[in-house]
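Chain lettering (A, B, C and D) follows the sequence in which the chains are written, and residue indices restart at 1 in each chain.
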Amino acid sequence: MRGMSLIVQVMTGLLAGILLLYGGYIILHGHLTPGGGFAGGVLVAAALILVSLAFGAVEQVERREYILSSIFESSGGLLFLGLAVAGYLAADYFFRNAGLFYIGRPLELVSGGIIPLANIAIGLKVGAGLFAIFLALGASRFVMKE
Amino acid sequence: MLAHPFILMVLVPAVAGLLGYLIGRLRNEFSFIGTVASLYYAIRLFLLSRSGEPIELTILAIGNITAGLRLDQLSGFILLFISIFTTLILFYSFRYMRGRESTRGFYLYSLLILGFANGVVLAADLVTLFFFWGGLLLLLYAILLIGRGETFRTARKALLLVGLSDFAMLLGIVILIVRTFVPGGWIDLAPRVPLPLYDPAMIAGFVLIAAGALAKAGAMPLHTWIPTAAETAPVPVLALIPAALDKLLGIYLLIRLTVYMFDIASNMVLRNVLMAIGAGTILFAVMMALVQKRMMKLLAFHAVSQVGYMVLGIGTGIPVGIAGGLFHMLNNAVYKTGLFLAGGSVEHWAKTDELEKLGGLARQMPLSFVSFLVCALAIAGVPPLNGFFSKWMVYQGVLAVGTEGNRLFPVFLVAAMFGSVLTLASFLKLLHALFLGQRPAQLERVREVPLTMWLPPFSLALACVVFGVFAYQLSLRGLIIPGLKFHELSLSGVWSPIPASLLLLAALGVGAVLYLLSVAVKPQAGRTFVGGEQIGYSEESRVPGTAFYSSVKHMPIIGELLIFGERGAFDLYNWLVGIFRVIGYVFREGVDRALKALVEFIGRLIYYFGLGLSRIHTGNLPLYLSWVFLGAVIFYLLLFLR
Amino acid sequence: MEGRILPLFVAIPLAGAFLVPLLSKLWTRFADLIASITSALLLGVSVYGWLMVNAGGMPLHYWVGGWRIIGIAMWFDALTALIVLIINIVGFCASVYSIRYLDRYTGGRWKFFTLLLLLIAGLNGLAISGDLFNMFVFIEISAIASYALVAFGTEEEEVEAAFKYMVLGEVGGAVLLFGIALIYARASTLNLAHLSQVLAGFGRTPFYWFVIATLLIGFAIKMGMEPFHAWLADAHFSAPAPISAMLSGVFIKVTGVYAMSRLMFNVFGVSRAETPAFFNLLIAFGAVSMVLGGLLAYTQNDYKRLLAYSSISQIGYILVALGIGNFWGIAGALFHILAHALGKGTLFLASGSVERQTGTRNLEQLKGLEKTMPATTWSHILASFSMAGLPPFAGFFSKLFIIIGAIAARMYWLAFLAALFSAVTLGYLTKVVNMAFFVKQNSSVTSTREAPGLMVLAMLVLVVLTVAVGVGFRGVLDHLVGPAARVLLNGLEYARLVLGG
Amino acid sequence: MIPYLACVLLFLIGLYVVISKRNLIKIVIGFSLIEYAVNLFFALVGFKKGALAPIITQPEQVRMGVARNFVDPVPQALVLTAIVIGLSTTALMLSLAMRLYEKYKTFDISEIRRLKG
């Protein structure tokens, strides 16, 4: 219920922000450097899991978090699908990348067409999804019972 | 195309049945409309078919393969009688089925059966025929679920037996299709040139399809569902399926096979086999019939027995014999339906068909009695009724086989004649048990059935007489001979039915007068005295139908005859009955039980084998994984390391 | 462009799957609504696609993102049309059926429909995919959804079955991935059309056979062929009834038989004349599955377990028919896929109705349901007849084609075996009829009423289709199954059409 | 060659664990080993000796056509996808294992045998 010791909690508080930031960076630079939506999403989820392990939460909060994360996950999926359908509607091709955003300037952040957006969607889905899996597995229950 | 009379013959009864099922209140009306419409089209088509030229209707044509319907003289004739019988039986059942269970289903199924049977007869090729044939199997299953007692067992037995032979038939059809691919048809049912019958594959195809036809007609050894059905199914179902339609259809297909598609005359072995099946069926079924104690079961065994004559006649391969077989099919359908319906009338009032509990109903139910009597005499082959004539033609066919040098023919002839004698014996017993003899107390209130129930058997009895007396003029020349491909029929030995029947009629009239004077007016056990004091009727003093001969011998004139007969023939009869009981027992225990035991054994074998297999599914995941591993190794061995 | 509709097969169910958890937070019944609408839409799209293929005669194709050969290909020919129709018919009936069926379970409605839609999405994606790795991904999507669905009830048996199913299924998945890696190592391409041309240049080397054997193991597990079948009975047994219908009617055939035959016939170019070993293997294992599955089914006393083992037997029929390898055999196999999907779907739905109304599936306890549940009874009986191969139902024609094929290929023993085991099929299916529906009831478990209307409706749709396919078999053969069989028979022609078009 | 052999070894170890171990969690681990082996194999398929990682770090590389010296990027992308699938299957398997433990109070697969026949 109370989470882990003070030392862990303080360290987690310091780390979690950095982790989230790093996750966001990897998601956003997915089209330029190795990584992308999935890797970044895992980092985001790791940060969330770390926080919830360290600080603990009452069951009610967990339930709310679970619902929230499932909503986020679904919206991530819908966003991804929406991008694909946008290409479909605009140019007859599913996931069509041309004609929507500025593309084709290597090594610049805003250059990948819909790819950065797709990475964001995937990041949302993976981050929320992994966290939801963590909550559903109920791992925190085992930890907190000790 | 939908308005074509061929299609309508199939569709109208089916649609009427469905409508009647949906609007249950009007089911009698719809059934009536359906059957009468079918009858109307059947008459039209029958008249059309008289011209002699086949009329075709192609339903599907893909390249060279066509599937369709065809009307020729044979199918026109069969169609007509299918509709007539169904109409009569449904007419009968309006009253009979009232207030019974599953009435709605009965009308639905019987009309669907009518439609499908029309389809079978109209089919121009084996595949179309099998389509309707299979539908009939399902409907048979459905209609046998109606009735009392363990109907499910009956239905399942029929489904398995008939279904088995249908699978055999399917296999035969496929063999024929693959073997002789005739351009223009999926094995035409009436090819221009008959198929040869010497190649093993062709013979196999013939035998497999014939097995289907024989099972439908109810020949041994695939008949056992019919007596079982007699225990549970209501009378109209029995009259409709085993008595009328199945015979018509099964023998129709057999004729198609032996006369039109193949030339049975060319293969002596097959002829002998068919004749042996026919003779065996006659004899064994009639023996089984003799020892029955229930009317419906007895009639059912006779329904099996009569098939023997048809198969025997067709098996001769001689035109007279084949015509006799076909004629016998028609006659059998007429009198057997009549018997079932008249017997059903008795059962309808008496609520039982156990012979021990029946008797003395001749006065109460004179019309049913007369119908039953005529039909019984017809089935026994008493001249001048129709049964005699067709049996006589069959005998001629068997004799003609003998002139061809077949050594076996005396056996068949003796079996057939002997069967005829036994049929007479068993019907005398039945007649006595039902209508003569002493009436049990609970049957005092019985009276004649209403018009809709006595008219169908009565008209059938009339038909027995007409077909018998005018056998040559009406039936043979009008129906049978055009239906076959033979133009001439050499009937050796002339039997002229009309004068003979006049004579016999006179004799019968005298007999009837005597009978009315002596027997029916005064039943013999009128009063009972005990110690000088008259007591009322008591069940102990009643003589049941099985004591027929002891009571008949008290009659003045007939009694004399019978006493004479009793010493000779009927002692023999009792003696024979004893023997037949033993033979029947052996047959029942030996063959029927053995067959059943075999089926059960196979079922059990499959069961235990499956049980063993299912035991090794222990739920152990590593075990399952090792099976996968094993399978993988086999795959690699078979493919990679070939 | 002709192929415009192709992405819809994946996009519609995925959109539904993502919308269900969002909207069902507002109103729980949105889940039912979305699932039904989605599957009805899919059914419409697949009928439309079939009509287009049928009218034009040419397959539809589509490149995701317009990337041509390096991108993901989608492909819709006559075979795909058949498979997609089967998936969506059964999928539609399953989702309509589930609406009332799920009353048995407490909560989790949205999870069920999300997973069901994911399952449908995976199967549809697999059917239209023209890319090897994508096939794998879609197989895994549908497989994972099915694992979760099997465990949906979260009781002991359900979870146990799901775990065993999952371990075996994932071993199959891993083997498949291994096979795909092997192919890629050699051919450096994943597009099926391109791949078939590259592979055609290699000849029938040991490597070719090694890859075939590897892939075949994966597919054998997915389709539940003997002796890879152990998961099947447990999974079908434990899953909710509509999911059993999906698994047995669609899943094992699409992820197993369809994917295998697509790869083997159209990519590896197997043919009876050139590579008899492959066909003989199919016949051998198919016959074993047919026999053992039938025998196993015969002994079961649980309604659904009996049906599950029967599925193994019917898969055996399909494999045998494929192994015969001539037109009638392959048409028979495809027809049997259709007939079995409809018939077995009905049977599983009927078992679900019985279980929902009476609370048990044990045949020894069920008695006399015919009186109170006539629609379920007759659906079961008609579907049984179809499965046993009685005319005029769909199953009759599939078995007829199979037997014709066997005789035309001079494999008489096979024809005999096929005919014999349809009798066994009839035997065990009428055993159910006997025990559960017709024997008179005597204080045993029984139901007082028919299943709810929507469930009956779903069953009736399938039954009517079974009858319709049987009665109109000529049309089905000419316009649906026949062209599909030709796609398989033409083999490498497939590649030419894709790359040329 | 050695990396390929390592793959096979890993695969066999995984198979051994899945078949012979009774603990549910160990089965999941063994299963993960099988997946890793296959993924590793797939990644190795795209390997080219002396080639670079397929990442463009300078704009000039595009123009100069240095891309030719990259290892094949397709297997890597595919392996990533396969890893994602592996992740979800592992998660599902673990959750099933936990449910099983809750229901049967044991992790021993040979005692979880309610379904048989």
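Note that contacts are C-beta pairs under 8 Å (C-beta built on N, C-alpha and C of every residue); 3 or more make two chains touch, one makes a residue touch a chain.
Small disclaimer: the values here were computed from a predicted structure and weren't measured.
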{"item": "Chain pair, A-D or A-C, that carries the greater number of C-beta contacts", "value": "A-C"}
{"item": "Chain A-chain B separation of Cα centroids, rounded to whole Å", "value": "79"}
{"item": "Intercentroid distance (Cα basis), chain D paired with chain A, Å", "value": "22"}
{"item": "Distance from the mean Cα position of chain C to that of chain A, given in whole angstrom", "value": "35"}
{"item": "Length of the line joining the C-alpha centres of chain B and chain C, rounded to whole Å", "value": "45"}
{"item": "Touching two or more other chains - residue numbers and ranges from chain C", "value": "160, 163-164, 167, 171, 234, 299-300"}
{"item": "Multi-partner residues of chain B (each touching 2 or more other chains)", "value": "614, 617, 619, 621, 625"}
{"item": "Residues of chain D engaged with two or more neighbouring chains", "value": "18, 27, 112, 114-115, 117"}
{"item": "Topology of the chain contact graph, where touching chains are joined (line, ring, star, complete, other)", "value": "other"}
{"item": "Partner chain B, residues of chain D touching it in the complex", "value": "15, 18-20, 22, 27, 109-110, 112-117"}
{"item": "Chain D-facing residues of chain B, complex", "value": "614-615, 617-622, 625-626, 629"}
{"item": "Chain A partner contacts - residues on chain C that touch it in the complex", "value": "1, 4, 7, 11, 14-15, 17-19, 21-22, 25, 62-66"}
{"item": "Chain D residues within the chain A interface of the complex", "value": "53, 55-59, 62, 80, 84, 91, 94-95, 98"}
{"item": "Touching residues on chain D, where the partner in the complex is chain C", "value": "11, 18, 24, 27, 31, 34-35, 38-39, 41-42, 45, 72, 74-75, 78, 81-82, 85, 88-89, 92-93, 96-97, 99-100, 103-104, 112, 114-115, 117"}
